Each structure stands twice: as structure tokens, then as C-alpha cells.
Amino acid sequence: MPARLPYAYKYLRAKKKFPHVWCPGCGIGIVMGSIIRAIDSLGWDLDDILMVSGIGCTSRMPVYVDFNTLHTTHGRALAFGTGAKMANPNLKVLAVMGDGDSMAIGGNHIIHASRRNMDITAIIVNNNNYGMTGGQFSPTTPQGAKTSTTPYGMIEPDFDICELTKAAGANYVARGDVYHVIELDGIVKNALSGSGFRVVEALAPCPTNFGRANRQGDAVNMMELLRDNTINIAQAKKLPEEKTEGKIVRGVFVDRDEIGYIERYRKLCDRVSAEVKK
Amino acid sequence: MPARLPYAYKYLRAKKKFPHVWCPGCGIGIVMGSIIRAIDSLGWDLDDILMVSGIGCTSRMPVYVDFNTLHTTHGRALAFGTGAKMANPNLKVLAVMGDGDSMAIGGNHIIHASRRNMDITAIIVNNNNYGMTGGQFSPTTPQGAKTSTTPYGMIEPDFDICELTKAAGANYVARGDVYHVIELDGIVKNALSGSGFRVVEALAPCPTNFGRANRQGDAVNMMELLRDNTINIAQAKKLPEEKTEGKIVRGVFVDRDEIGYIERYRKLCDRVSAEVKK
Amino acid sequence: MKYSEIRLAGSGGQGLGLAGRILSQAAILNGSEVCLTQSYGPEARGGASRTDVIISDKPILFPNCRELDVLLAMNQESADKFSAKVKETGFFVVDSTFVDQLPEGKVYEYPFTDKSIEVFGQKIVANLIAMGMFAALSKFFKLEIWTDAIRLAVPKAFLDLNLQAFEMGHREGREILHMEEGRIPVAWDRKQPVPKAIRDKFSR
Amino acid sequence: MKYSEIRLAGSGGQGLGLAGRILSQAAILNGSEVCLTQSYGPEARGGASRTDVIISDKPILFPNCRELDVLLAMNQESADKFSAKVKETGFFVVDSTFVDQLPEGKVYEYPFTDKSIEVFGQKIVANLIAMGMFAALSKFFKLEIWTDAIRLAVPKAFLDLNLQAFEMGHREGREILHMEEGRIPVAWDRKQPVPKAIRDKFSR
Amino acid sequence: MSEKPIKGQTKEEHCETEVKKRPAVHIFPEWCKGCGICVAFCPKQVLEMGKDQKAHVVYPEKCIECALCARRCPEFAVYVSGDSIKEGKKKNGGEK
Amino acid sequence: MSEKPIKGQTKEEHCETEVKKRPAVHIFPEWCKGCGICVAFCPKQVLEMGKDQKAHVVYPEKCIECALCARRCPEFAVYVSGDSIKEGKKKNGGEK
Amino acid sequence: MSGVPWGETKLVQGNEAVALGALASGIDFFAGYPITPSTEVAEILAREMPLIGKKWIQMEDEIASISAIIGGSLAGGRSMTATSGPGFSLMQEGLGYACMTEVPLVLVNVMRGGPSTGLPTQVAQGDVMQARWGAHGDHPAIVLAPSDVKECFNLTIRAFNLAEEFRTPVILMPDEVIGHMREKLTFPKEEEICVTPQSSPDVPLEWYEHYHTSATGVSPMAHFGSGYRFHVTGLTHDTHGFPTRKVDEVISKMNRLKQKITRRLDVLENNKLHDVEESKVVIFCYGSVYRSALAAQQILAKQRKKVGIFRPVTIWPFPDRTVKELLDTKDVIIVPELNQGQIIHEVERLTSDSVRVVPLHRYDGYAITPEQLVAAALEVM
Amino acid sequence: MSGVPWGETKLVQGNEAVALGALASGIDFFAGYPITPSTEVAEILAREMPLIGKKWIQMEDEIASISAIIGGSLAGGRSMTATSGPGFSLMQEGLGYACMTEVPLVLVNVMRGGPSTGLPTQVAQGDVMQARWGAHGDHPAIVLAPSDVKECFNLTIRAFNLAEEFRTPVILMPDEVIGHMREKLTFPKEEEICVTPQSSPDVPLEWYEHYHTSATGVSPMAHFGSGYRFHVTGLTHDTHGFPTRKVDEVISKMNRLKQKITRRLDVLENNKLHDVEESKVVIFCYGSVYRSALAAQQILAKQRKKVGIFRPVTIWPFPDRTVKELLDTKDVIIVPELNQGQIIHEVERLTSDSVRVVPLHRYDGYAITPEQLVAAALEVM
């Protein structure tokens, strides 16, 4: 064991809560790493950060990080986060959610947080299924995929998380994956350092459920799939269509600089209280 | 009184339920007319039609039409409709909702119905506020507008219903308004005659609440606003940008022919039951 | 002040909510207890509007009106619907602009809306004319209390207009009282037809 | 069959659910009552796995195990965690591939996983080898009942493999029993160290 | 009012008006709530608001049966005879 | 194994490796769950899976401190000394 | 064809038995959202229903799920959903709507440790009062609590039948122990099963009243698309289903809603009694605790001590009269529950001061053991 | 500055008084979703709060609203939401979460006619049992029911104070009559109001336990961003807030959750008694019905008949002991409620068979009149 623990441990509840609960090879831990590194490189004070989550494997993350941490009800992370951010705008609010959490039961909250441009960074670990409850399909399960509730293959079309939050009004929308982890680090850092509502979709393997049900092999095989089946938006633009077809595009899709809700609200208060004083 | 009642009365619960509950000049009745005319020209059997709604002024519509009618809970019309359509695919399901009903509390159901491409026609009467509860803001209230909960003007950005349902996957997405009623008739008819999930946003005045709060005058004035502040998509394309700026675009934005959920499910059943028989 | 139930009824947009608040405010300035309730519900959607005010010197327990002392009916529908609720000793004030079929009992009628349009060029202060007449007829409170109440309840921008309307109504009310006290019995018995002369006088 | 509690414990992916279902199915074919419960909860997430089976001739009322008759421990953690739950008269079957520290009591050990890899080229049938040995050692049911149970519980594609693994385990089990009944006392007392000779025999 | 073809009206339409004497447009007063929409947007000023706060057909002869009044009436209180409304034919003076 | 600069490595990096003898990459076995990710994607095959189902540093001298192993370890069980991981520097053999 | 292994003997899980019971009842439509410990119900039906052309859907959440099955039921499909604690809370508005609009459906709530997210994989009986009172306003409740896998199967069928017969939602509430355990189950033959057919009116179309007032309070119900066109609303409505605020119509609706249950307690009531008459001490229990009570009774019998057991299978409506009749004369009633005290309030309500009502509450996520009950009984004897 | 007309006498609506009471309590954050008959609370706060820099937001639904105020409260804002029936049902999951995680907040539920959409603009008291049992799992409940506009103001302040003191949601439940009526209200002077300050721990950062076990069961609570970093989860948790399934930790949490209420009934209990001791007939009532009871008492007094009135202001926790002590000796207790019988079950539970408990239920959307009560009283006298 190394004498000096890695810097990242500063951000973890390392002594009491590790090893964590996630399965071997689960991608959630890698996303947690990206978040930790982004925060470290931003130099944020741990006291100022609130990590809020819903329910699911991904949503267990707050247990492990040494910030202010809030593990809420299924799908409602953004609503809790909205309240916390409004009550204490100094908090840097980071919502960590699964694909089911954010897009199934929580779908309404994410489009409204996008519309309001609420000053929260939403990090969605998209493992294409409900990991925690044993691998049912989620709104991001690809057509044809097998899950415990699509034994004959998924027949519903899936959401493009990035398209949807973009249409709903989010300030920053990007997709990364846990194989391309340096890229993901950058995306998360970008997202965290902005204002308004920011969405990061991080593709990650769930070998235990999705991987097994779809015979995608172990974690390493699933990482290879991410390596081979995704393509960076810049690269994609250079390549002819047939080379990019069927590949999931990574990269930053929206990077607006619209004024966030918190600032709008502050301005409203300033304006009306000034009017009243007059 | 004319000896012969207009054909439309065939579709109305005219004897018992009229005059209806809506305020003088409320646009909802005009949308109801479009629906009736579209159905008449499609020659549908009244027994085959299910009109389902949520809660709100708009959602009172099912009382007045002589179909199978279902007035549900606030925001859930599409979920109820989904169940009814699945249990009895012969029903032509028509969901009539307000902007609050469909986009605030019901936002999740509309994006999921869009994603699934569920075979329902959603008609949203967008009067830019919660009419029924006395004119609070809704997710479609324009910035700056006054409502009973934005006494100092709306500070939140609003949804573009058409953009959002398009991104979520709806088969058909169009916007009309009650001034341009012939166009609206056509849009509604188109929507009804398709398959998969179809969305019609119908702009309509709520003179009692939105109109009064924003000093837009009476129903006639509000109709004039619709006349002057909207523009057909075909026209808009022809005009230079400065002429269309600030105008709301009417017309058909999406007209896909993706296979709807009901058909997909039928195919699934056929496939798996065939496999089992083998 | 003895326990009194007053109902102000008409259609949405006739300003009966404001009228009720003025009456209640007057009661408060008078040191009385007051309890105001309003109609909600579908009928309130651009349709009927009803404001009930109970005034009393003792605490008001049950908040709803059961036997009206006064009914102000600003349209035919309310006159019809609520007339049976008016006590034997109670009276009606009706807007004859809209009410043709007078209820039976002691009725004061006056074309509030027509007069509002005629005198002020808009129908919007019919309610204040009516309240003015009501103030005079009811004798509940002194005039200053009423005007103070109006000052508290009405937005500044509309205050003058409202006060003028109220005063006009009050003047007409006082005139009626003079008549009653003098020559003609204006307090008709229930069941008795309304004397044509009086009707003409009011609707001049 | 007398009331017996059996726990099959190890880690996720070792196929103890299937083992439990085979055992239960055998009990059913035997005409016994059976009740199977499983661990759920966070520890089931890729971590620990536990299947409890109660078999009895009479209806089984309380469904949870309290005093184990048999513990099959497929890893060290389960051996440690549950050994105290095993009755004085009960016994252990452990996978010596993973279990170094044997529990105290009557322990049968065998490197199920190693053997599975060795003989079948994959670790996936360690569970069936273990069940085979369990079948022999427990003497609960006749062999045909077990094989019928496997036929019912295992998907066709994997049936042969599973049957072979089961038979191998059963064979080894019978051999142990012969030894016990003959020369060497295999049923060690609690507290007594495990005779080296036997360990070697099993891990050949 | 003039019986001559109204400007912008085709010959046939004018003839139609000529032939049938009964007014083509009817208001059902029990349902009319007096919003004024039909009056304001009738391309031919056929209608007027009455003192009773209801719409009235004042110049039936000018009516071109475009049925816009019926389509826009939120109360289903307007009836235009003939089938024009059903077919969605836009005869004249349609929408801007 | 060869002490020569590995193909694709810059001179400095090789020197760095030369200078510090202590292995730059460490695995914390208590946390390693043996998923094999670090092993599979180490650009220099520094790591191997042990019989104990944990990753082990087998060829520390080959390590280029790209920290990809640490970044991709879902368990925070890998530590690469130096600050490279913090800064997100991609030294060599990075992602495809 | 139906997916039910008629006549066979199998190892079956409680949740599986619920799913198979639904298939046996001819379920047409299932809509749900996964949640531990009820998930298997949905998963098994997802596998079986498409095979026989029945409709299955996973909705975006629990609110959508209950909404969908109400829609499905009104459109003529026998409908069910399954959930647990948090999902059950989310379904309350929809449940209340179904009660008000008198829509038959089956709602399965497999009870886990609460409150809130609580102990998701562990057992509790913490939703018993919620099942009665969880939605706003007065509303009827029929709630059944199985104690073994066989009952999971049978009571699911009964739930479908009662839903049909009473035109109301019926809630089936296995606790986690019952939902997750596997037992030997011999399925009946198909012809042994009694399934109440869906009602349909036979009056002429114009005569049809969706809420016709009948002697039982329930009348045959038409479905959307059948040619009987009717209106349904959660607003208080008249016999045709149209909103009303008329006092007499409101009262008549509300009375019927209540009385269709209270007047037919005979049909609904279902108690398992063991030695109640002859015992001075009675254990009053339900769900998985009943099993422990039976075990405790046996243990005590060996010590020549007698306790009775009163177990309501239908827990709501509560068997008021029977409890009063049979238990008001006892010395002690022990009420063991996997919660902090819920049904015990009803027992207290119905018994006099002379009867000692002793709680035994366990709420740590584990089952009450026979030994705990034995100890409790010995203490009061 | 606070928007409260301190010291003035005004005509004030019940809902308005709630909003002003919240302002008087120093509300920092309101999140809500409009619904009749509670809407005015939100509307008035939307007008007042931005003027003083306080945070107000209209969320996308009621679930988001309660979620937001829980987040807001944890982040240090005094928080409130307001709703009615259907919204209250939707809030149950969140409410249970707040109970479990011990988050202070005020939830106003202005009761309208149910079940379901029911009679949205009319009066009822149909959510009384739901307020106690509406969420899954055992959870604490503190519920206050005002009877006049002044109480709307005062009890809102009390609700904020109790929420703080007990670290739990407090539910304020005016019925529609009380929420919508306007009365004369003389506001107190600012200094007359007693507002419990938000707690904050003073232990060193490392010592802080978010759920420290104290004598009262409640310990000072830190807020997000204060430097005390802690974890909050709806899973059953240890004293630090981290999930646990250890039996002793689970039991200790659950016991504390219950006992922090039951052990301090003295603080919570609040009854208005009128001639209870000297009367053989007592009217047990709450909310707007209390007014009718007072009126009935006066009418009866004129006829030289005596009835007592027992009115709990805090309806949950129910005043068990006082009811038993004071009412178990009476001849008749009349329990008038604007529902089909809810609180009456508690009265029945606590009184012996010798006491006649007579229901008087009205559920047609209208208030119980004094005359109805007089008639009921005369009948039993």
C-alpha cells in the first residue's frame, strides 16, 4: 500500500464507506472519479458543494463523497436540488442520477430544470437500464436490447438525453463515456464551471444486469464496446457518414451562456424591492 | 332559431350540457369546434372515439362531446389514454389538455408518449396560463407576462411545446391557433388521421385571466393578437427575418411516419407467440 | 350593531367582491365584527358572483348566511335565486337595468348600471352607486365610515371616481328615505305590486 | 422427512439460487414440504448470495432458518458469518477453493470450483458438483429424485453438463461416506482439527 | 343594401345569395355569450352585437356563407346553412 | 525488460522513468474488485490480474504514468504518484 | 395458453404466484414500474403476457402506471399493477380516482420496510393504515393480505373477482416475506377456478346509467368502445357520470360509495380462526405473522397452554362485528405487527377496557419469530 | 419589511392569514403548485416574498414542490408549501421522506370535498386520517386545524415553531370554509410574536451527528453549506445519517422517530374546552365545525340545555389521555365531522362501551350548521 493516499481520497469518505457497494467493473465509480478530479482541479471548497441524487445504483454516490450529500427519493434529485440551490445560492449543486432516475420517473423535473435554466449540474450515468432493481429497461435502453422486462427485446424507441434537454432549454449539454475518461473529465469540469442548467450524460457499463442480459461479456468487454461504438463529435464531422453510422456521438452539443434562474430571481428581487422603496 | 340544428350538434351533448362552462370569448370552444369538424369529415363512428382529458378549463371538454369521455386527474390524461388504447386498440384516443396539464404536471407523460410513439392524438389548448385555478403562470407563459403568481412579470423561459415533443420523438407535431381556424381544422384533421403520437398545439385566448392580467383587452382583441402575431411556416420561409421576428410560427413541424407503439406491440406478440408455437 | 346578513349578488365583473370588502371594511371601522364569504366554483367562471357579509357586535360563529337582512341583486338570476332567503323584515336593492321581474317584499330598485354609464361613461362603478344607496338605506354606519372604508379598499387611481359614484348612490338613497318617511310608502309589503310611480321615479 | 434447514451461501454468480431450486424441487418430488428464501438487499449486488431451504414433512410455518442442519459455504465470508448458526448435530460442506479457515464442527471440504475448472473447463458448475456431494452426504433423497429435479430446474441446453457435474459430486460424496463408515471417522467433532489425510484426499 | 355582386365575390356565389331568400346564417341566442368574435371577424359585416349582449344577423343578404363566424364561435351558437362549414371550403374573405 | 525509451515515448518521459526507481503505480488490494479494466487498457501492459482476483503491478518500469488505470478504476484502487492524474495530462498511449 | 401451469405442483415464489393468479384471472392489461420487492410480478408478466397477446407495459412512473390501468379497465381490460411502499404512496391520487369513479382493478403492494426508502429489501407491514386512508377524502378500501404462496395465487384471483363485483380497486398486500418466499404449490385445474366475468349492461343504449343505483350499490358497467357512450370524471357526479354539485346527488353518490362495501361485509369478510372460542388469550395477526402465530400455537400446545388465533384475510373492511363478538370477552389479545402499531387501533376501538390489548411490534426489517410470540403469550398467561 | 401589517386591524382571508403567518415566522422559501382552495397562499407569497428577497418558486407539480422545500429546508431556509386534496395525495412520498429524514417544514393542506377531484371549491374534512397515515411506513405526524382567521395566522407561526422544535414536517389543515372566509384580524405587534430560531449545532465539526440522540429525541440540526458536512438519506440510517441495516441502529432510529412525538405530548397537545366537565353531553369537533358547535351551545343555553365542547387544535398526535380522562365519563359524545367518519374512530377507541359516541357526518360540500348540532344534541338529551 502506498504511503501517501491519492489526492482524490481527500474528497472521499474513504475510511468508513469503502470499498463501495457497486459491482466489480461497474462504470459508476469511474464517473465518480471524473467528478472528483473536476472538483479538485476547480479547487472548490468541500463545504460549498451539495451532491444530490435520487434512487438507484448511481444515486448511491453521495454516500462516498465527502461533500454535503443528499440521497432523496426516486427521480426527484433535481427538485430537491432546486430547493437547496434557491435557499442557499452559495451551494454548488451537483445532481447525480441514473438514466431511469432522470429520464423515467424524473423526466418532468429534468425538462423543467432545463427550461428554468436552474443553476445545477446534472450528471446522468446512463447504463441503459435500471441497475438497482435488477435490470429492467429504462427510457434509454436501445431497441432490441434484452432486459428483465423486455425478455423478447425492447420495442420502444429510446430517448436521446442530450437532444431532449437541449430542446428543453439547458445551457450546457454534453455526452461522454467512461472509456474515454480524459474527455469525460474535461466535460464534467466544463459543466461544473458554468452556470444555468448543465447536463452531462456519461455512458457507463452495468455488467451485472445490462451486460449479462445482452451477452456483452464482462466489464472489459463493455468498455471495449464504448471504445468502438462511440465517436467524438469533432471526428464524426470529418468522417464520411457510413463510417459514423450506428455510432454514438460524444462531445459538447450545447454550450450557451444564458443567464441562469438564480441570477434572474436575484434581479427580480432587486428590481421590485427598489420599486417599492421608491 | 333555425329549424335544423347544425351538423356539429350530432357530436355534442347539446341538449343537456349547453351552454358550456367556459367564459365568453374563451378559445377552448373554438378548438372543440375544430375537433368536431375534423371528426365529422373523417366520418368516424362516435362509439370508437375516446376523448380523455386531465384537469383544467380545457379538460372540461369531454363533458360536451358525445363520445366515450374520460375526465381524469391533473396532468395524467396521456397515461390514462395509454392504458385505454392498449386495452382496446380499436379506440381512437384523443387527449385534450391545457398547457399546464400537459407541460407542467403532465410533462413527463407527454415526453414518454412521444418517445413511445403511442397512438394518441394530443390536442393542447395553449392559453399561456392556468385558466381554471385563476390564472397562474404555466410553462408556456411568455417571459415578462403577468399572472397571479408572476405579479412582477414572468422570469422563467417558456417551453416550445412543439420543439420539445419533436425532440422526444412524436410522429406529428403542429401548431395552429383559433383565429386561423380553417388552418387549425386542417391540422387537427391531419393529426387525427395519422398513427403514432401526434401533437397539436392550439393557441387560444383566455380573456378572463391571461387577457385581463396582461391588459390584452377582450376576446376580440386577443383574437387580433393571434392574427397579427403569428405567421404560417410557409409564409415565414418566404419573408425576410426582420418581418417574422417575434412572431409565433404556425404550421406542421414534424410529419413522420414511424410505426406506432400499438403496432409494434402487436408485432411483438405475433413474433413471440409464433416462436412459442414452434 | 345587531347581527345582520347581507348578500351582494350578480355576475362576474360587476365588482361585488370589492363592494363586499368596502362593506366589511366599514364594519371594521365601526368596531363591529365581520365575516365575508364568497362564491367559488364553476359558477364563478365568468358567470355568477356572490359575496356574503355578516356584521355583528358579537363574535360571528357560523360564517354562512342563512336569513338575509339585505339582498343586493345586480341581475335577474340572483334576484330570482336568492329572494326566498330574504327575511320578512329584510329588504332588496336591485339593479333595474337587468332586473325586470322584481322579487316580492320590500324592494328598492334603481338602474345602477345604466346610471353608471350615463353619468360616468362606463358601467364599472355601478357597484359603488349601489353601495352608496345601500349605505343610505341600511343606515348601518355613518357616512364618514363608508368613505373611509372606500379610501382603504380602493386603489388610489380609481378612488375619486369611486367616491363620486358612491356619493351619487348615497344621495339617491337618502331621497328615497325622505320619500318613505314622507308621503309615499316605499317599503312595500311582500305580495303587493310595486307602485308604478315609484318605479318611474327611480328609473328616471 | 424430518424438519431440516439448509443454507447455501457464497457470492453472487456462484449459482446458489439454482442450487437451492434444485434442492427444493427434489424435496417436492419427494413429496415433502419446502420453503425457500433468498438474500436480497445491497449485499446481493455482486457480493454475497444466500439461499435458505427448509424441508419438512409437515407444513412449514416460520419461513426463516434459525438453526442450520447443513451449511454449504462457497466462500470464506459465508463460512465465517454463518458457522455459528449451524446446529451441534449439523454439518458443513465448504468449497476449499476459497475457504482456508475451516469452521469448527463437522466439516466436509472439497475444492468445488477448482475441480469444476479442472474437469469441465469452467467454474460455472461448481454449484452442481457441490449439490452432488450434498446429495450424497445428506441422504435426503434418492438419486433419481435429484436427477429428476435437475432435469426440471435446469434449461435443456445446460442439462448434460449439469448432470455430469452433479454425478461427479455425488460420486465424491459417496466415497467420503464409505470412508466415514469404514476406516476413518470423517465426521469430525467440533473443535477438533481437520485430519490432514482427508483434506488431501479431497483435494487430489 | 346593394344587391349587386359584392366586390371580390364570384358570380356563382352572388347567384346563390340571390336564389335562396332565407338567411344563411343563424345565431342561437340561448348559447351566445356575446363575446363579439363573430361580429368582429365576419368579412362582410353581416353581424352586429345587440343591446341584449348577443350577436344578431343584421345583413343576411351580404353573407357569403364562408362560415368563419360559425367556426370561430366558441359557443356553437352560430349555424350557417349549407355544407360549406363541413367541407372546410373557404369562399371568400377568409383568414388573414 | 528493456530500459530503452519505449517506442512513442518522448525523451523526457523516458528520463523521468529512469530517474525515479520507485514504482509510480500502486494498487490498493483491499479496494480492488478485480474487474480487470486497468489491466486491459493499460497502454504499456504494466499490470496483470493475479490469482487472487486483484490487479498487480508487474512491470512498473514500463509505466508511463499516464494514469489511465487510475482514472478508469471504478474502485479508486489505483494510485499513480505524481500529479499527472490531477492535471489531466495525457502523456502517451492515451485513449483511442 | 394462459401461462398458468394448471394442475401441476411447482416451487413457486409469492410474487410469481401473484403473477400467475393474475393470468388465471384472465388479466388483460398490466402497467407497472419496477420496485423492490414487487418487481418479479412485473417481470413474470412481461414474459408471459405477450405470449398470449395480452397487454403489458412499463410506464414512466407509478402515477402513470395506475393511471394507465384505470384507463385500461374502463376500456374493457382486466387490469393490474404492482408496486411497493414509495410507489404505493405515489399511486394514492390515482387510487382515490379509481375508488371515486368505481373502476375495477387490482393493485398489489408488496410491503417493505418504511418509512420512506427505509429498508427496501426487508419486511414490514407498515402500509396497512395507508391502504385504508392513504388517499384524500373518504373512499372505500378492500385490502387482502396473503400468508403463503398458495394464498398469493388464490387471493389474486379473489382480488380480481371482488374488483369486478364491487366495481372498485382491490389492494393485495403481501409483506416482503410472503412476496419473496418460495413454496410448493399445487395449482388447481383450470375448471376449479371461479372467475367473475366482467359485467356488461343489457339495457338499451339510451337507458344506460354508468352509476345506476342498484340494491347492492353496484350495477353492470359498460366499457369504452362497447357502444354505450358515457362520461367518467373524478368530480362528484350524478348517476350518468356527469359532474354535479346538487346536494341530493352528492349525498346519494357518497352513500352508495360507502354502503356498497359496508352493506356487504358478509361477502368481503374472511377470517381464519383457530381455537378462538375456547381461548382466553388470542393472537390477532395477519400476513406473514400468521405463520409465526401458528408455530407459536404449536409450541405452546406442547406446554399445554392454549392460545387462539384470529387472522383476518380481508383486512379492510375490518371485521368489526366479528371482532367485537368473538374478542370482547377475552382476557388478552396480543396484536403482533411488523410496524409500530396500526391494526391494533382497530382492535382497541372494538374491545372494552376489560380486554387487555397487548402490542408486539417489530420494525427492524425482520419477521416476528414464533419464539417472540411464545414469550409474549407466556407473559400474559 | 416582512410584509406583515404588524399591529393593524384588517379584513383578512384565512389563506391570506396563513401567508402572513409564514412571513411573520420568517419564511425563507416557498415552493408550490396552484390548486383550489389553497391558491391564495401561494399567490400572496408570490407578491410579498420577492419584495424582501425571499425565495418563491412555482414548481412543475406538487411532488417537485415538496421535494424542493425539503431541499430548501436542509439548505437552511425556513420552508413551506401549500396545497389541497389531490396535491396532498401526491405529496405523500415526499412527506414521508421529510418525516424519515427529520426535516422541518410546514405543509398547508386546505381541505376541499373529496375523494378524488370531488368538490374542488367546497368544504370537507376528509383528509384528517390521510394526514396521519397517508405515507407508507410508520411516520410521525403533527397536524393543526385552525377554526378562524386569527388562528390561521397564529397556528402557521406555531407550525413553523413546532417544525423547528421537533425537526419534522408540520401540517396545517384549514378546511375550505376557514381558508376562504374573511374576518377582522388585529395583527399582533412584531415583538409579541415568538418565533423559534432555527437550530444549529455548536459541537466541533467532527463531532457532529446529524441525528444525535438527545433526551428529547431531537438535536440541533446543521444545514448544507454551514461547514458541517453530513449525509441525508431516506434509507434507514444511523446517527450520522448513513444507511444502516443493523438491527439496533434501525430500532433506535425508529423508536426515536416515534418517541420524539409521543414523549412530548404536553408540548404538542392543545385543546379548547367549553363546559366539558359539567356536561353529560359533549360535542367533539375541530376546524370550522367548532364555530357551529359554539353557536349551537349558545342556542341550547337559551333553552337551558347544557352541552360541552371538546376541540383539539392539534388533531395529531391525538390527545389520547385527555380524551380518555375527560370524556370516558360522559353519557354521549357527538362527533360532527365534514366527512363520513374519521376522527370518530379515535374517540371510539378511547372511550368505553358505556359512552355513546354519536356521529354527525356531512359530506355534501356544505358546512354543518348550528341547527343540525342543536337537533343532534336535543335528540340524545
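Note that the chains take the letters A, B, C, D, E, F, G and H in the order they are written out, and that residue 1 is the start of every chain.
Rule of thumb we're sticking to: a residue touches a chain if its C-beta (ideal position, glycine included) is under 8 Å from a C-beta of that chain, and two chains touch if they have at least 3 such contacts.
Bear in mind that the values here come from a model prediction, so they are computed numbers and not experimental data.
Note on connectivity: the fewest steps through touching chains from chain D to chain E is 3. Setting chain A aside while every other chain stays in place, the touching chains sort into these groups: B, C, D, E, G, H | F. Note on connectivity: the fewest chain-to-chain touch steps from chain A to chain F number 1. Measuring from the averaged C-alpha position of chain D to that of chain F gives a distance of 42 Å.
Rounded to a whole number, the gap between the C-alpha centres of chain F and chain G is 59 angstrom. With centres taken as mean Cα positions, chain D sits 63 Å from chain B.
The distance from the centre of chain E to the centre of chain F, each centre being the mean of the chain's C-alpha atoms, comes to 84 Å.
Residues of chain B found to touch two or more other chains are 22-24, 26, 71, 73, 104-105, 107-108, 112, 139, 152, 265, 268, 272.
Residues of chain C in contact with at least two other chains: 41-42. Residues of chain E found to touch two or more other chains are absent.
Against chain D, in their complex, chain G makes its touches with residues 9-11, 36-37, 120-122, 177, 180-184, 288, 291-292, 294-295, 298, 367, 369-370. Of all residues in chain G, those touching chain B in their complex are 28-29, 31, 50-53, 55, 57, 59-61, 63-65, 67-77, 79, 93-94, 97, 223-227, 229-235, 242-243. Of all the residues in chain B, the ones that touch chain H in their complex are 55, 71, 73-75, 104-105, 107, 130, 133-134, 136-137, 139, 148-152. The part of chain B that touches chain E in the complex is made up of residues 1-2, 4-9, 12, 14, 18-20, 22-30, 32-34, 37, 40-41, 178-183, 185-186, 207, 218-220, 223-224, 227. Across the complex, chain H is touched by residues 16-17, 46-48, 50, 52, 62-63, 66-73, 76, 79-88, 90-91, 108-109, 112, 265, 268-269, 272-273, 276 of chain A.
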